[in-house]
Every structure is written in C-alpha cells, then in structure tokens.
Amino acid sequence: MIELHLLILAMVVSFGFVFSYLAMKEHDLLKALALSSVQSTFFALGFYILAAPDIVLAYLAIAVGAYTALVILAISKTERFEVGE
Amino acid sequence: MTVKRDTAVALSFLLAFLVLSYAVVEKDVMGLSKNPLRPLGEFYLGHAFASGELTSHSPEVVTAIVWNYRGFDTLFETFVFFLAIMGTLSVLRLREGQERMVRDMERVEPHRHMDLIVRVITRLVLLMIIGISASIALHGHLTPGGGFQGGSAMAVASLLLFAVFSKFTLERRGLTLRHTLGAYAVGIAIILLTVYAPLALGGRFLQINLLPGELGLFDLDVGEYLAVSFGFLSVFLILGVSEWIFRRILRGEVR
Amino acid sequence: MNVQSVFYTSLYFVAVLYTFAFVLYGIRAIKGPTTADIIMAVDCLSFDMAAFMVILGIYFRSILLASGAIILALWAYMLDVYYTKYVLYGEVEV
Amino acid sequence: MQFGVIPVVPLTFAFFLPITAILAGRRRWVINAYVLAATSLVMLFAAFLAVEAYHSGRPLVYSFGGWIAPVGIVFEVDRFSALLVLTTTVGFFLAAIYAVDYLSREHGVEYFFTGVLGLEAGVLGAFMTGDAFNLFVMLEVMGASAYSIVGFYRHRGQSVEGAFKYALSGALATSLYFLGLGFVYSSLGTLNMADISAQFHGVAFPLTVGVFGDPKLAVGIFFALTVAMVLVKSAVFPGHYWLPDAYEGAPVPAAALLSGFVEVVGIYMLARYLFTVFAGPPYSRDLSLVFFTLGTVSSFLGAFMMLVQRNLKRLIAYSTILHMGYLFMALGVMSKLALVAVTYHIINHAIAKTLLFFAAGSYIFATGTADIDELAGVGRSMPLTTAAFAVATLSLVGVPPLNVFFSKMLIFDALLQVSPLIASVVVITSAVAAWAYFRAMVTIWRGRAGAGHGTENEEGPVAYRERPVFLLVMLVLVLAVVFIGLLSPLLVDRFVLPAAGQAMNYGGYIKAVLELAKGVL
Amino acid sequence: MKPFGRFSAGTFLLVFLTYIFYTGSATGYDVITGTLVALVVSLLVGRWVVEDDRKVFQPRRWLSAIIFFLRYFVVEETRTHVDVAKRVFTLRTRPGIVRIPLDVKSDYARVLVANSITNTPGTVVVDITDDGKYLYVHWIDVSSLDEGEIKRNVVSYFEDYAGRMFD
Amino acid sequence: MSAGFLMFYSVLVLFGMMLLGIYGVVTRSNMVKKIIMLNIMGDAINMLFIIIGYRLVYPVFPPVYEGHIPFDEFLRTAVDPVPQALVLTAVVIGMAMNILLSTYAIQIYRLYGTVDVRDVAHLRREGK
C-alpha cells in the first residue's frame, strides 16, 4: 500500500524535474516563473504525500504566494526577457 | 568558448550526480532502503505531549521541536528574517526630505484598481485569509501550523490587497513604515520577553516549560505571527514605490 | 462488495484521471503560445491540485492534511491576480 | 554563568535598533550610544567567559531551554572558542567606534548598525555553538547581515552589485552545507557535534544508538560539501571571485569586520570538524591534498593580483585571499602545531588587517576616493595615519617584532613538517605581497599628485585633517600589534597552546556533554 | 477616528465562522481566540466589507439565497450543460459578445450575477464597466439582438434573486 | 515496482534537480533567473530532507497526535519530525534570502539599467 504514496511521489518529482528544466530553458522570465510555480505546486503535493502538513502550510504560502509575487514584482521593475547567450 | 565552458560545467555536474547516486543507491549511505525511524525522532514523538519531565505540552511535534526543543534555532531564524528585511529597507531607504518628495510625486499617480468583480471577491477572500491565518498561527501548538506559517499567510493577504487595490489604500488610511516597524517590534518584544522570562524564574534561557502550561508556545506563536506579517508588509510597502519616482531620487544622489 | 469499497475503488480511477489532467495542463503550460494560456494552465492546475489533495485526504482518511488544500486554493487565486495585473498594466503595485 | 546569552545580547539590541532610531528622530547620538553600549556589554561578557574557560579544565556546556544534547541545542565553549570569541568582541567594539565616526555623514546608519550587531551575533554563535545545524543557522545570520552591510551605499552600483554577488554565492554555499547535514543526520541520526563525534568514534551516547547505512562514506560526502561551502564563504581559490567586488563596495568598517572575523568562521568550522569532531577524519590524506592545492593556488593568486590593483580596497581584499590561503594550507597538516598556527594566525591576521583597513579608511574618508593614484601624496598630510598604515603593512608582510611574523613562522613550521616546497609558498607569496604593499605605500606617502586629482589644487597640496577618533582606534590596534608581537612566545605558551590542546582532545569534548546527558536522559 | 464606529457584526460573524471552520473544533480555547481575532478584524475593517449590518440578519435574504443556490446548482447547471454538450456535437454555434444592462444596485449583487453567468457553461463575462452598470458577455449562441430577449436568455432569474438577496 | 526502487528513483531525480538548479545559477546570466534557479535548488534539497524522515510503513501519519489512534500505534507509524523542523527553518531562511536578492536585483536595474551580469560587469569595469 505504501507503493501508492511512493508512486505519487515519483510522479511529483518527475513533473518537478521536467518543469524546472523547462523553466531553466525559457527566456521569457514570466513564463519561466509560471513554469517554476507549477513545479512548486507539485512539490506542495509531494510534501503532502510525505506527511508533512507543517511544511505544506509554510511552503505553499512562501513558494506559491509570497515568492511568486515577489519575483513578479522584480520582473515588473526590471526586464521581462532574458538576453540570450 | 562559452559552449566549451558550459560543457565542462555540465560534465562535472554529471560526475557529481554519478558519485551521489553511487553513494545513495549502491552503498545506501543514507539508510534509505529501510528508512527506519531515527532514535532522536522517536524520542520527540514519544515525549512531546506525554506527561512527565521531558514534555513540551504540544501534540504538534514539529512545533514542539521548532519552538521548544530546538527553540534557539528558531529564535535565530526569526533573526535572519529580520536582518533580511532590514537589509532590504537599508537598500531602499529614503531620507526625510525624500520621503516628502515621494509623497508629492505619488499624488499624481493613477490608481490602478482592478475591476469590480475582482475587488468585491477580494474583500471577502481577504477576510477569510485573515481568519485562516490567525487560526493557523494560534493553533500552532495543537494542529499543523505555527507562527511563521500564519504570518506568511497574512503576508499573502497584504500582497493581495496591494495588487487589487493599490498600495495607496493603506497609506491613505495612515499606515506608514513607522507603524509597521512598530508592530514588528511589538511582535519581537513578545518573543524576547517569553524567551528571557525563564531567566527571571531561575531557569535556563528559553526554558519555556517553566511558564505555566502552553503559555510559552502560545506566546511565541503570536509573536512570530505579528513579526512575520508586519515584516513582509514593511518590505512590500517600500517595494511598492513606483520605479520612476525612485529613479528620479537616485539620480539626485549619484555622485 | 459494499458501498465503501466501491467508493474507494472509484477513487483510484479519480486519481488516474487527475494525473491525466495534470499532464494535459502541463502540455498547455509548456506549449501555450501566449502568456495568458500559460497563466490559465497554471491556474487550472493549482485548483485541480487542491481538489486532488482533498480526494487524497478522503482516501488516506486524514482530515488534517485537507487544510493545505484550502490554502492552496487561496494562494492560487493570489497568483492569478498577480499575473493578471502584470500582464494588464505592466506594473503590479500602485 | 549563563554564557549562552552572549550571542543573544547583540541580537536583542539589533532587534530594537530600527524602532529606537525612529523614536530618536534626528538625535544621532542615541543610536551611537546604543551601539557602543551593546558592543561593550558583549565584550564584557566575553571577557568573563574567557576567564572561566581558561580556569575550568574542560569545555563549558550551556544547554538552551534545559534540553541537553542530543535533544536540544547546546553551546560548547572550549579555550579555542573562547579565545576567538574574545578577539571578535574586541574587534567589533573597535569597529563600532570607528564606524560611528566614519559614517557620520551618511543617513540610515541604523540599518548599518543593525547589520553590524547581527554580524556579531552570528559570528559569536558560530564560534560557540556545539550543534551542526545551529551552525548552519549562524552562517545564515552572518550571511544575511553581511550582505546587508555590504550593500549599504545603495546609490553606488558597485556596492549593490557586490552585495548581490556575495548573497547569491553565500546562499548557494550554505545550501550545500544544509545538504551535507542531511547525510549526517540520516546516517548518524544526530545533529549535535559531540554526539556526532561519539557516534563516529564508537562512544556510547544515551538516546542515539547505532548508525544507519554507511557512516564513513556519509562523513566523506559531508566533508566534500562542507569544504565546498568553506571555499565560497572563506574566499579560497575557486570561490574567491565575489570577495574583491564585495569589499570594494562595502563601507570600510564593514570590510574590516568581514575580512577579520567573518571569513575565518569557515576556517574555524573546518578546524572544529577536522581536529575535534572527527579527529582524523576518513579520507584525510585526500583532504590534505585538497587543502594544500587550493591553499597554494589561492595564496599565489592573492599575492599576484595584489600587484596589479589600482584600488586600495581591492588590494587589501586580495591580501585577505592570500591569508585565507595560508590558513587553508595550514589546515591540511592536521597536527597540533598546525592548529596552534591556525588559531594564532586567525587572531593576528584579524588585528593587523583591521588596522590596515582602518588606516586606509582614514585616507578614503578624507579624500572620498579609494584609487591609489588619486591618493598619491595624501600620506604626507596625514603622518600619524601613515605610520599606522606602515605598521599594519609591515606586520602583515611578516617583519620580525610585529605580531603576524610569529604566526606566519608557526604556519611555516607546520608546513615544513610536510614538505619544504609547500613551506616555501609562504615565503614567496609574502615577498610578492611586500612588493605590492611597498608600491602602494610609496605612492601614498611620497607620490606626486597628478593633474586633476583630488589631493592638490591651485594653491598646492591640500592639507587633510586627521580625525581624533580614527587615531584613537588605530593607536589601540598599533599597540596590540606591537605588544602581541613582543609577547608572542609568552602568549603562545600561556594561551594558544592550551587552547589547541583542548581542541584536539575529542574525548574531553564528548565527555563534557555526555556527563550532563546521562544525568537527564 | 472612532474605532467603534467601524465595528460591523457581519464582518465579525464572517471571520469568526471562518476561524472555527478552519480550526475544525470548537473548544473554549477556540471560541475565545476566535472571538478576539474577529473582534480585532471587525474593528479594523468592519465597514469596508459589510456596509449595512441589518441586511445580514434578515432571514428573508438568507431564505432567498438558499432557494437561489438550490435552483442554480440543480436545475440551471444541468440545463446549460446539456445544452452546451448538444452544441458541441452538432456544431450549431453562433458566438458573439453582447452587452447586458444590470438593474441591481449593490456591488455584491452585481458580482453574484456576473459570476453566475460565468459559471454556467456557454456564457462568459468578458468585462464589466467601472460603474458596474453593464456587463459584456461572450455568448455561445447569439440567437437575437433584442435586449430583453438577451437578458431573459443569459441573465435569466439571477438578477431577480440577487436583488432580493443584496438590495 | 518495489518501495525501495521508487524511493531511490525519487531521490535520484531530486539530486538531478538540485544539480540542475546549481547549473542554472552558475550559467544563466540574468539575475532574476538566477534567483528562480536558486529556489529550485532549495526546493529539491528540502524535499530530500523530508524523504529522509519518511517511513516505509502503512498507514503513515504526520507527526501530530490527534488522539484517535492508540499511542503505541502512533509511535509505530508516525514520520520522523526532526527533518521537518529543520526544513521549516530552511524554508524561512530561503524566503529571507529571496527578499534580499530580489531587492538587490531591482536596485541594480535602477543603477545600471540592466540585470544581466555580463553587462553589469562591463559597466562596472568602465568605472560607473
């Protein structure tokens, strides 16, 4: 039965990896931030699966809420597109 | 040239990955294959709320560890947060005259409210967030949650307020950086009083078990809640100053 | 074969459906030609994640963890507001 | 004595500084008095602590909240820690006096002093703590305050950019240390240093019994990650890139504190882990090799980069890299002599480097520039400052009666145990550094101001005033440099050798906690 | 400033209920802390959310709310879902944007109408004018351009009940 | 699919993600992007920590005692609370660093007009 938990965990980390890779490759910072907040949402599910409700509460408020808002603020005050190599 | 450098970096990272995976999978360096409960964790689980000498009066073991058993870490973690906020304020600080300039320039700025639907819904949502965040913070020692979680939830409420109405809604009502810093200091004063109080009672620093019942944990949660929510609020108050205003001020100052 | 076991078996299928939905949202989030598409996908994904959390909470019979779902829904709302305001006005506060 | 409160005192003062500043309004003296009171109070406590640590034969243990290790967090102070704590508090007190005067023209100093007090709390905590995770928190405290004081001149691009670079590297590095702690906790099941040592050496400790997985490999990975962290935090070769930029942007008192006390925390950590916790860690030969290589490279880099600098602050910054390289090399020897050398050099380097920074700061304060060419000729109108500058440079180069000479000699001796080739690095790089200092010194003292430069106007050379506060602080430090130099054999025998001896004795380190733990658990 | 002038019983009730609901228990501790929190919040922002307290405590309004939501979720949602599903298979769509004037006065009523329209499939509110008098609705089947007809088809009974609940 | 296999798979993916984060911080030149990648790295490390505290038993409970199960069963099935407490501290610290770093990025843009580290280094060398 514990396999179900671990299966969801494996799914979560796989999605997280894919989305963080895409976030790294993306040159539009707003899109990169959106992709990384998808990763954050998946990780929140991961913490939830791993039986850590305290972390879920803190992590959601930070990673989905305050951090995203902060970086959007930073993007809006700086530039939106990353200059390529 | 840059491609070559990137390749070298990538290769060294691959090497690091291989070493780590060899250690974890082949040598089982973390003991993950069975993943037993470490004895320290067992101690905390067994004693956090059981009656007796080593109790912490809290069925929420994580909060018990965070504020009682390893409270010193958390005190300094609060301090890190404080220092980061002060660093931010230090970078964005304004002189007395400049504050007045900012206020004058902001008077001509448009207020970008979002439309009616969002405004109305946000009012209700804000009240719910405040209720929920207070619940998270004040129940930190009974159910999952705690001061920091509640405080950051409250910070999200203030962020929402800033985005949907403008930040002037607060400033028009007389809330300035002075007030938020004052409230922050009140929160911190609660925390520090609680952690220093055992010294007066003849105990060790941070020995909040000497205080009656759950009072210590409750106090610390409330203090942290106030501190974190007003800390975030101070930062966002000053980060919200418009870009052109700040540039004009800086241009006057760069020598 | 009582009602309860039928209920729990059906939850399995629900979980599979949700995973499928996540994949679809993910594809939209990756491909989305405009920023609005991506924001929409992230928004839907977050709210679905909240629902998924509640379902898992029923499955694991733990009301404790469901509180995260409420919070996630609220924060996803805030996320939308921020993205939208940036896309609309180019500035967030003021 | 409740000595665990020592790092909490600056913390408490720092917490209420912003609100005090708001209440004080324009009365600048309130902030100044507040800061000086805080630092002198801490200095007083640290003196008591040092006396107590030297009188007691074993490490002192303070358990927070009455929770003994491994349940709670303990402070474990032996003579090694106490010595560094005392030096740090004195240094911070002097720097606070200097900074009060140095920043008297700036606004927003309350934020700067919040950072300074935070830095003090972090450094003291890192020196005193006996808990590996608490060390991580202390590193972050130190980091956060250091970044904020580096970026104090918010209208100068170089300052903010240096702070950003520093903050990013620091955050990355401490994350690596956090990961390393994961390996330690998962395989040894504890976070307390004494307990880790007990598990590693097979001493029975109450509560935490047994290891999981492969502890030897786990400790190896932990060391790899910790060394990676220290490379960045202490600015040793591959991780040194942020340091010159950060120091160039920072206000001079902040740069002095960073150079003298913050950089060495990484070295202290490694010394603690190498010599006390894992006395003779696994893979120690490989570790030594790493230390020698990186230390050598970074000393050469620091010395040669000093030659080409045109900015006084950057020159001193590279000198810091040079000295961190020495300390790193000495760590690789892993003998008692090496630990003595490291301890003594940390103290001496801190004193001499602080003096050097303060002297340079006086020039910068007077002229408003840090460019050596533009400073040409300033030295003549500020003779006392120039004398202090000369003493500091001579000491750092290693001229016999002054203090750094003796610690360099100890490092040389320690390295000689391994190979004369490695020992010669110290001599060569010192000579190169001497040349760099000499050139800067000559330009500042005898140099002719070029056309359009700040030190000369139509009527001839500008006469700069020397500020009495600066002179007072520098006088104290000059006296320290000279007297520590003269009394070196005595000081090493009386204070440093016992400290090193106690730090090498892991049995005593474990026993101090173990006895208390047995009583409670 | 008179803080007690800002107190609002409606806000108090809302915050208190949220608090108790989220906590999941109603012991003495919860009630005391919940009351305190709700008191502080309603003293700070009371009038901002609830303008007229008397409206909150009128059973007539609550009754109409219950009837509205029952009818909405049972009848209306089913009807429109079936309708849109049919359209999906037969591809009989005439999409377009129409403007609808609103008769209700209070903000909450307007938002309720707008959200109800969006939540039923086939119609999406695209914009609302700043004074809240007109809605712009994207409608999947623009069958007529007569204002009364549109209003009957899209807004149906929402406005009626919204008026009864909030005005 | 055994439990151990899935566990190792997750841990390895997280290691990969951590290294990806470091790679991003090192190679991307935009400061805001660096901050985003730093967060990804921190998330991966936090998740690794939580996995250390996880138990391979069923059913598994969070470390909160609600009184609906006997105490010894709770001890048998609850996860390790220590890593969670540590991660909580690390999450807070990570947020503090985010605030600081984004403020610096904004200020750098105000002063230099760019947040690209190469351009900033270039402008700095010109002595601005």
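The chains carry the letters A, B, C, D, E and F, assigned in the order they are written, with residues numbered from 1 in each.
Everything below uses one rule, namely that contacts are C-beta pairs under 8 Å (C-beta built on N, C-alpha and C of every residue); 3 or more make two chains touch, one makes a residue touch a chain.
The model shown is predicted, which means the values in this text are computed figures rather than measured ones.
Looking at the partners of subunit A and subunit E together, the chains they share are B, C.
Common neighbours of subunit A and subunit B (chains touching each): C, F. Counted as hops between touching chains, the shortest connection from subunit C to subunit D is 2. For subunit F, the chain with the farthest CA centroid is E.
Looking at B-C alongside A-C, one finds more C-beta pairs in contact between the chains of A-C.
Farthest from subunit C, judged by the mean position of CA atoms in each chain, is D. Between the Cα centres of subunit B and subunit E there is a gap of 34 Å. Centre to centre, using the average C-alpha position, subunit C and subunit F are separated by 21 Å. Rounded to a whole number, the gap between the C-alpha centres of subunit B and subunit F is 16 angstrom.
Per-chain Cα centroids separate subunit E from subunit F by 40 Å. Residues of subunit F in contact with at least two other chains: 7, 16, 22-23, 31, 35, 51-54, 56, 59, 61-64, 66, 78, 82, 84, 88-89, 92-97, 99-100, 104-107, 111.
Annotation for subunit D: residues touching 2 or more other chains are 133, 137, 140, 144, 147-148, 151, 154-156, 160, 182, 185-186, 191. Looking at subunit B, one finds that residues 20, 30, 32, 36, 38, 40, 44, 60, 62, 70, 73, 77, 80, 83-84, 87-88, 91-92, 128, 132, 136, 143-146, 148, 152-153, 156, 159, 163, 239, 243, 250, 254 touch two or more other chains.
Remark: the chains found to touch one another pair up as A-B, A-C, A-F, B-C, B-D, B-E, B-F, C-E, C-F, D-F.
Taken together, the subunit D residues at the contact with subunit B in this complex read 2, 4-5, 8, 11-12, 14-16, 18-19, 22, 62-67, 70-73, 107-108, 111-112, 114-115, 118, 121, 125, 133-134, 137-138, 140-141, 144-145, 147-148, 151-152, 154-156, 160, 182-183, 185-187, 189-191, 207-210, 212-214, 217-218, 221.
Contacts from subunit B toward subunit A in the complex involve residues 2, 60, 62-63, 136, 144-146, 148-149, 152-153, 155-156, 159, 163, 232, 239, 243.
Every residue of subunit F that touches subunit A in the complex is listed here, in rising order: 1-3, 6-7, 9-10, 13-14, 16-17, 20-21, 23-24, 28-33, 35-37, 39-40, 43-44, 46-47, 50-51, 53-54, 56-64, 78-79, 84, 87-88, 91-92, 94-95, 98-99, 102, 105-106, 109, 114-116, 119. Those residues of subunit A whose C-beta lies close enough to touch subunit B in the complex are 53-54, 56-58, 61-62, 65-66, 69, 73, 77, 85.
Against subunit B, in their complex, subunit E makes its touches with residues 11, 14-16, 18-19, 22-24, 30, 33-34, 37-38, 41, 45, 48-49, 107-108, 110-111, 114-115, 125, 127-128, 130, 132.
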